[in-house]
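Look at the two complexes coming up: chain A is in both, with chain B in one and chain C in the other.
Presenting the complex of A and B:
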């Protein structure tokens, strides 16, 4: 057997922290032959990114390789000098990163950064470097490449920044590309073009790729081999179809079950019996008497900003009591703007918002906290961490709306907070903790408990699980579904994840550039989309079911 | 170029928006000077025996018998015409005094700032490259010393060592020693005027006279500059784009200078602006210790003599310089960071 391009033997990485050394990667073995694409999947804390940074020796100062070898073309680079590494970086192994915009120097033009990458390994004149840079931009299919050479990263979209990053990574024709969550935070359609680009370029140049991702579908679609990591160890490795069809390890099984697919149901997301709480049955909803206004009605909603940008251009829909409506679209489609206008956090430019037949669009956003409708409409924010006051304990966070809107205090307040915490499955002993002492899933529960504490009728969920791991997302989605069924809550569910919306919402509204492209029954809409745009969106969703 | 145009537009807008602040300073200093204790009319009378009539005449001369609003209106009208009143101590128009003395202060401050930047930025970078190393701790100690030793003490210490003990420095009084003749006045900045006159020995004399006070002042501001450089460098060295620079195999110095430092320079610029303005006002102690004929010591003397006009003029000058410095920093910011120019 020939020597693989990259061989990792018993690699362990230790971080020195304030509470002593922590082993993030606990001895892993991997082989990567030239020209193959290997996926490393796992949730946060599994050590997948740390592995990548250990291989490229780009760990931050606190982390070091404590054990094992990294053989690149048969040579151990785990202890190579910085001089050797510099010759390897870019020329033999290169990386692309999560958050492409931050990965580019904000005050240097794209052309100069590409020239930097080119000249790091060979002498080139200014003119030659510029020509090469232009060629690279063409390779990564950037529109108007001549113009982009002199652009700064902030003038480009996230997807374009990632293309520039790819161009930098392939500039010196390395044999191995490590992509660390290259499409996290990008829209599905952008994700698809970026991933297709990576796949095509690396295949053309016969480069080996390590794709690090938390998205099983993505790994299944693009990789020939997949390894699953959990807490610093590799628990399973196989070809994607085998891995996702017949997962062997319990962790893999849990992960596969938790990943929403076009056919999954909320009930089936949590495979682990330990966490599994049966959902109450869908409440029988009586048909509202004729003439009863829907819970929420939005008519021709428009939001224009001062510099003439129209974020939302005339959107109408309604949500019935106990109904869950999904709002999907790419970034910039206006879905967050709509949700904020409905929550009365920002004012609309035009249009009507009616709650149970009463107009609430006349109440200005900065006075809405005094309105009796405030308690009827509550919101769960996207980032469970940033949306909690760091100086409020979990108890304070949940109690705050109760104090303000229900004027509760002392025992009554305490009872209600405990009630809410129990409802969202937050252990009472965690209530004294501050956000930084809670896990992502626990913070999400605090955010939900805060929103439901005043017993609203309508809950606006703005990407409530976008920042969570799939297994945590699964539990959170089940929790939301249970709350909806128990209390006959209505949801406006904003998300970019089509599989989640398909599962959670009876009806779905597809937005593009601030306008409704299509809306209707979720089942119908996803199975037989009417508009071209919805079809594009659906086609871009990576999935592992058809991977075989 | 559009970037240049937008920077200019921004600077212009900033200048216009700072005009009300200048006006506020004008009114505030006027009022402040009127509520301070001490009657200038008494002070400037011929002596302790001066009679009531004489004091009254002086008061009339100075316009102090008029009601406050009228005094203020007249004052503002004068300022608008560039007339800052007359100094009673020097007997000259304040604007002339300030014009004569401002270059001395500016020369000292610029020299000190240059010294401070040239030492603080490398120190900050060195500290950031090896955080918590011996170098880092050394820089931290140096900075602590710089801030906690008062300027008049460090000034005297420097004089003691370099003039008295070692004899390297010339007699630490004034901008130029008594044996060197003044160059023809062109800009008021001695170093420039000597160069323009082609008098190199004179230039050397002025420069060596400048070294001690400039170092004294620099010592005081090295600390904030070095600390902010360190902090900014640390954060930009830890940023994603520096990691990218490493991942494509750039040489170390290029990563530090082109990627980290160019980004870290923005907060340093801000602090430099603040430091410069503080130095101009705070260098009164240094000017006193080194008998430097600058504006700050001039204002202090006037204040002690209850001489309103020079103090008001000084404060107004400082406010004006503060506005100008902020403008310059703003423009530099726009050049250093392309993200600023889009608004």
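Presenting the complex of A and C:
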């Protein structure tokens, strides 16, 4: 058997922290033959990124390879000198990162940065470097490459920045490309074009790729081999089809179950019987009597900003009591703006918002905190960490709306907070903790408890699980579903994840550039989309159930 | 202060004993300022012409001045006045600056621009000259030194608070507070201000040293505190006349006291920055 391009033997990485050494990678073995794409999947803290950084020896000062070998073309680079590494970086192994905009130098043009990458390993004249850079931009399919050569990173979209990063990574024709979450934060359609590009270019050049991702679908669709990591160890390695059809390890099984697919139901997301709490049945809702207004009615909502940009251009929809409506669209589609207008955090430019038949769009957002409707409409934010005041304990955070809107204090307040915490499954002994002492899932629970504490009728969920790991997302989605069924809550579920929306919402609204493209019952909309845009969106979602 | 903060503070102090020393020295200064007049060996204003201009001895540790007053007693007693002027000036400019700056940073727009230009104008003057002019115009009183010192410090606090609030105004928890029924004003005062306080505390500590120098400087040039009140700036000014004849102790000891104060506050400020900077926590 020929020597693989990259062989990792018993690699362990240790970080020295204040609490003593912490082993982030606990002895892993990997082989990667030339020309293959290997996916490393796992949740945060699994050590997948640390592995990549250890291979490229880009670990930060606190971390070091404590054990094992990294053989690249048969040579151990785990203890190579920085001179040897410089020759390898870029020329033989290159890397692309999660946030392309942050990885590019903001004060140098794209062309100059590409030239830098080219010149790092061989001398080139200005003119030759520019020509080569132009060629690279053409390879990564950037439109108007001559013009983009002189553009600065901030003038390009996120997807374009990632393409420039890819161009830089392949500039010196390396044999191995390490892509660390290359499409996280990009829209699904952009994700698809970027991933297709990586797959095509690396196949053409016979490059090996390590794709690090938390998205099982993505790994399944593009990789020939997938390894699953959990807490610094590889728990399973297989071809994607086998791995996702017949996961062997309990952790993989849990991960596969927790990843929403077009056919999954909220009930089935949590496979682990230990965490499984049966959901109450969907309550039978009586058909509202004719003439009763819906809980929320939005008519022709428009938001224009001073500099002439129309974020939302005339959107109308309604949400009935106990109903869950999904709002999907890519970044810039106006979904966050709509949710903030409905929550009365910002004013609309035109249009009507009616709550139980009463117009609330006349109440300015600045004064809405005094309105009796404030408590009826609450919101759960995207990033559970960012949405909690760092100086409030979990108790203070949940108590805050109760103090402000319900004027509760002392024992009554304490009882309600404990009640809410119990309802969202937050152990009472965590209530004294501050946000930085809580895990992502616990913070999400605090955010949800805060929103439901004043017993609202409508809950706006603004990408409530976008920042969470899939297993935490699964538990959080079940929790939300249970709250909706128990309390007859209505949801406006804003998300870019179509599989989640399909599962959670009875009806779905598809937005593009601030306008409704299509709306209707979720089942119908996802199975037989009417508009071209919805079809494009659906086609871009990576699937692993059909992976072949 | 949560227990985690205390633990972190203990960790920083272990790694940086200078901060611990500075904290201890600052505490000592404050105690001296409070109990100083009660413990000094001589009346700081009682003259004893028979023993004028004596070099340091066992009876007079820091020597005596041209009127035979004990320099040691005067240096110790002066701590109260100097620290009081500096502290009240800094508190005043901090309180005003934090509120004005936070409001500017949160609202942006016209108010922000107007205040910004006012601050620019204020900072365009040589600040010490501005303070001199103010004390000269308002009258030679301690309150006016405080007001002048506060005003020349104000721009720094406004800018600092504005910048700190500006980066937080779009945080999720600010929107969440509004959804929980808080008005804009209460978001600024109850949410944003407490969050920028740690960062401001560093600024306060660094600023105190500067304010002390400023107050002493005003007295030195004859504005502000009048003799025979013991005050470091006046003592240096009065002693300067005798330095050419080799009577160094008149200037050296109040000068060293000033230096000691400024050093303490600066070291403490640096240490506070390490303790409060969340990036230092791992």
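As a convention for this text, the second predicted complex is superposed on the first by the 548 of 548 C-alpha atoms of A that agree within 3 Å, B and C clash if a C-alpha of one lies under 4 Å from a C-alpha of the other, contacts with A are read in each partner's own complex, and residues count from 1 in each chain.
Methods note: contacts are C-beta pairs under 8 Å (C-beta built on N, C-alpha and C of every residue); 3 or more make two chains touch, one makes a residue touch a chain.
Worth saying up front: this structure is predicted, and the values here are computed from it rather than measured.
Chemist: Figure out whether A:345 sits in contact with chain B (first) or chain C (second), or with both, or with neither.
Modeler: second
Chemist: Just chain B (first), just chain C (second), both, or neither: which does A:169 touch?
Modeler: Touch partner of A:169: chain B, not chain C.
Chemist: Of the partners chain B and chain C, which touch A:386 in the superposed model: first, second, both, neither?
Modeler: Touch partner of A:386: chain C, not chain B.
Chemist: Is A:103 touching the first partner chain B, the second partner chain C, both, or neither of them?
Modeler: Once the two structures are laid over each other on A, A:103 reaches chain B alone.
Chemist: Name the contact category of A:84: first (chain B only), second (chain C only), both, or neither.
Modeler: Touch status of A:84: no partner.
Chemist: What is the contact status of A:358 with respect to chain B (first) and chain C (second): first, second, both, or neither?
Modeler: neither
Chemist: Looking at the overlay, does A:366 come into contact with chain B only (first), chain C only (second), both, or neither?
Modeler: In the superposition, A:366 contacts chain C only.
Chemist: When the two structures are overlaid on chain A, which partner does A:117 contact: first (chain B), second (chain C), both, or neither?
Modeler: first
Chemist: Please report the chain A residues shared by its interface with chain B and its interface with chain C.
Modeler: none
Chemist: Quick one: in the complex, what on chain B touches chain A?
Modeler: For chain B paired with chain A, touching residues are 238-241, 243-252, 254, 258-259, 262-263, 336-339, 342.
Chemist: Using the touch rule from the top, collect the residues of chain C that touch chain A in their complex.
Modeler: 2, 4, 11, 171-173, 175-184, 191, 194-195, 278, 282
Chemist: Which positions of chain A touch chain C when the two form their complex?
Modeler: Answer in residue numbers: 17-18, 62, 340, 343, 345, 366, 369-370, 374-375, 378-379, 381-383, 386-392, 400-401, 404-405, 434, 436-437, 447, 450-451.
Chemist: Spell out the residues on chain A that touch chain B in their complex, using ranges where they run on.
Modeler: Its residues touching chain B are 56, 58, 60, 82, 85-91, 94-95, 97, 99, 102-108, 116-117, 120-121, 152, 154, 165, 168-169, 171-172.
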